[in-house]
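Beneath this line is the structure, given in structure tokens, with notes to follow.
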Amino acid sequence: MTRGFYIGRFQPFHNGHRNMVEQIANDVDELVLGIGSADDSHTVRNPFTAGERIMMITKSLVDTDLVTYAVPIEDLERNSVWVSHVQSMSPDFDVAYSNNPLVIQLFREANIEIRQSPMFNREVLEGTEVRQRMIHGGDWQSLVPDAVAEVVEEIGGIERIQMVSDSDSNGE
Amino acid sequence: MTRGFYIGRFQPFHNGHRNMVEQIANDVDELVLGIGSADDSHTVRNPFTAGERIMMITKSLVDTDLVTYAVPIEDLERNSVWVSHVQSMSPDFDVAYSNNPLVIQLFREANIEIRQSPMFNREVLEGTEVRQRMIHGGDWQSLVPDAVAEVVEEIGGIERIQMVSDSDSNGE
Amino acid sequence: MTRGFYIGRFQPFHNGHRNMVEQIANDVDELVLGIGSADDSHTVRNPFTAGERIMMITKSLVDTDLVTYAVPIEDLERNSVWVSHVQSMSPDFDVAYSNNPLVIQLFREANIEIRQSPMFNREVLEGTEVRQRMIHGGDWQSLVPDAVAEVVEEIGGIERIQMVSDSDSNGE
Amino acid sequence: MTRGFYIGRFQPFHNGHRNMVEQIANDVDELVLGIGSADDSHTVRNPFTAGERIMMITKSLVDTDLVTYAVPIEDLERNSVWVSHVQSMSPDFDVAYSNNPLVIQLFREANIEIRQSPMFNREVLEGTEVRQRMIHGGDWQSLVPDAVAEVVEEIGGIERIQMVSDSDSNGE
Amino acid sequence: MTRGFYIGRFQPFHNGHRNMVEQIANDVDELVLGIGSADDSHTVRNPFTAGERIMMITKSLVDTDLVTYAVPIEDLERNSVWVSHVQSMSPDFDVAYSNNPLVIQLFREANIEIRQSPMFNREVLEGTEVRQRMIHGGDWQSLVPDAVAEVVEEIGGIERIQMVSDSDSNGE
Amino acid sequence: MTRGFYIGRFQPFHNGHRNMVEQIANDVDELVLGIGSADDSHTVRNPFTAGERIMMITKSLVDTDLVTYAVPIEDLERNSVWVSHVQSMSPDFDVAYSNNPLVIQLFREANIEIRQSPMFNREVLEGTEVRQRMIHGGDWQSLVPDAVAEVVEEIGGIERIQMVSDSDSNGE
């Protein structure tokens, strides 16, 4: 049995993420999706709460054969203990997936196998693109699984990201 | 569709917890198991990491019809924001389950429906009993699902809890 | 113009506190009441939130000639920076009032004048006594200003402290 | 009796803030002024400590008929629990005042009434303008109540903000 | 070249600690003394600041041939990341020394060599004994290196520990 | 006996820092080097851990006559308590050295003697220059003591800083 770990912020979970999961499914029997910056929400970069992102991921992957776990990972703001923190919050895993250079470096220094994919970069761009379309009224729905569009609408997510994009301070 | 929220520390997940889940399954379609004190581990009271507890819960409930989510909830050490914190980390829920008076009080002050059960008290006693048997070499296996016994053995959990029960300070 | 600083947890603000304020009023023109452990609430030792304690203090002192400020002081859990923390949160003060040996020691090491009073010890006992009477149904009302009794009743404070006294863990 | 809550950083409290308070005074009997980012100081954006800001607010409003409370609100860096945090630190309030889109969104999601005013935007601009004039030697005094100018001078505030504007790192 | 790591709270550094260092000196070329609970001070259990403990250690070991480093280690309150935290704060080391069961367990789970010694237990007892004698006016000086006695006297350490032993709360 | 305190981030310790230490050596008998942002690492601005920086400093100053202490100072993110925090972590000192305006301001407000030097500014520039050369493959070795170049190579520091310079988010 092989278990993988795939870290992302999933703000929101979009088609690029889903494609990555499908590709990783060829390698592993089970997959942990680590939801990074779990304690952040209501900002342009992190509009959705960890709980909302668990819903998006779970509903989008309901028909996948892969056994998946969606696990919130709060920020500790200390790169030097980040890998240990992830390991304590996640079911044990054999291999990590990321294209983020910092994440790759931290896993390598901890001697954990890390795999990259050309698809990851595209995925990063898509995250920003989805949020920009949400803010400016573009067609974001076509970039995400149907289940994600439903969650976003149910929670009033478009109003929320549009509001916070007008703001960058708490008070004053 | 009704979703419930059941908070516990699950140190470890034992038969009392499993019975509670079966009982709650009569009320709801989906159930979030909130893993309290998720950031604590390697103590007598909280021997297992959040990731290990996710494994115990998921493997123990694999044959349940209920859709379940196991979600780590880190301590913020502020009772006044605890309900908001739980709500941000968990998929949205309609009703909470607990017999813990503090938890009941906090949910009530937030106007969230909370249900109690006579079974809960027994469950609390069982958690302490399981850990005491682990420390002193008693029969803890009969108090937990088989899947939990396997996880505990795989991670060397008995040695760990016995070691930390000899210790109550870091250094000196 | 002389300004004093009087630190307490004020759980709740009781007659002993009010008497202390009246005594201090002979020494100073203005008084800051620093509300310690401001981030703690919903426990037996700290049942009331900082906001609730501000209400109790302000309403109890409304007829005092003294200019008073009620300022919440969150715990930093670091004694070595506690005085600086207090100084940053409070209007500037000339003299501090406490009978707590740790508080006295910390102010002395920072070369800030600190005054003690025999009344303080009685005050500490009264805080515990008030909370015990609240829990066990005794006459707590006679130990606090009328305004405090009103606040406690308005917020359902008796039910709260009785509930949390039955509990000593979050979940399980 | 109606109590309002008005959140700002008040760095420093200026004429725009005072005008807002006067306008809000038409709506409410009591007003809590929540001092945001209370734990921040000695930066260009937040030059003054919470204690210094309490002084500015209290002295500026001494002749107002309105009952006011100045309450420091420390940052928790978690938008999802921010409203609960504010509620625990503040006397209970019926309506909040802000023009900040994030604050509005957070109160709305918590079902708390929030009122906006065209004056708020002007107020934000004034805060930055006052600080820029302080740094570059312009006429900041005419933008703030006399009591604020006195506090700033008493604490050596101009030297402080000029020093920190030359700096953006601690050490090195 | 072999470097060891020896963790303790060193409250204060006493003869038992010095003997341990002398024994470890037979094994290693350099030794890091990790000062645990570095952020705690002014309590009965942790009376001295990290800076004061650095002084005690450095002055006591000035005549040792061993190259030593005294490194404060702040508590993160998360056992699962403790080893990574220690590794990030300390010069790289080959072997750790402790008799504390929790510390041994944490290093073992991280696959770091850990050595124990019968002397350690005696050392723990001595720490408590030294502090009790300080509080109750006994002969603590004979249990610590001369350099430590000098530091304690210079900083008024006896008065401090006697004061805090009378106190167990901040305020009230 | 005079002891000085010299605060920096030392990312890495370079020739400008070493020259400063040599100059300060004319004033003092002992020198504490406070390693700022000790909890930060694996970023472009703070590539090295506190432990790695202790190694760099200690090895670079091994032939200095001055008694030196390298002490990690974790960020508390509160300027108002920063001086107290430094004082608790460091052996007692008589004079501080810095050219950073914020640091100067904070020490001045705490009535601690602070000395500046024209050399400091050059030093700041050099820190950025060294890191840029590391990232872009320039000659960084000539800007640092030989001992620092050895530490950087031993820990794979060039690969690390090049990796993190490609990254500015954790995950996604």
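We just call them A, B, C, D, E and F in the order they show up, numbering each chain from 1.
Definition applied: a contact is a pair of C-beta atoms (placed from the backbone, for glycine too) under 8 Å apart; a residue touches a chain by one contact, two chains touch by 3 or more.
Predicted, not measured: the structure shown is a model, and the values here were computed from it.
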{"item": "Neighbouring chains common to subunit D and subunit E, by label", "value": "A, B, C, F"}
{"item": "Self-contact between copies subunit A and subunit D, residue sets same or different by half", "value": "different"}
{"item": "Selected from C-E, C-D or A-E, interface repeating A-F by over half of its contact pairs", "value": "C-E"}
{"item": "Chain centre separation in whole Å, for subunit F relative to subunit D (CA means)", "value": "36"}
{"item": "Euclidean distance of C-alpha centroids - subunit E vs subunit F, Å", "value": "25"}
{"item": "Mean-CA-position distance for subunit D and subunit B (Å)", "value": "42"}
{"item": "Residues of subunit F touching at least two other chains", "value": "39, 41, 49, 78, 80, 87-88"}
{"item": "Chains touching one another, given as label pairs in label order", "value": "A-B, A-D, A-E, A-F, B-C, B-D, B-E, C-D, C-E, C-F, D-F, E-F"}
{"item": "Interfacial residue positions of subunit F with respect to subunit D in the complex", "value": "7-11, 34, 36-37, 73, 75, 77-80, 82, 98, 100-106, 109, 123-124, 127"}
{"item": "Subunit F contact footprint on subunit E (complex, rising order)", "value": "38-39, 41, 49-52, 54-55, 58, 69-72, 74, 87-92, 155"}
{"item": "Residues on subunit F engaged by subunit A in the complex (per definition of touch)", "value": "39-43, 49, 159-160, 163-164, 166-172"}
{"item": "Contacting residues of subunit B [partner subunit D, same complex]", "value": "76, 78, 80-81, 83-85, 87-88"}
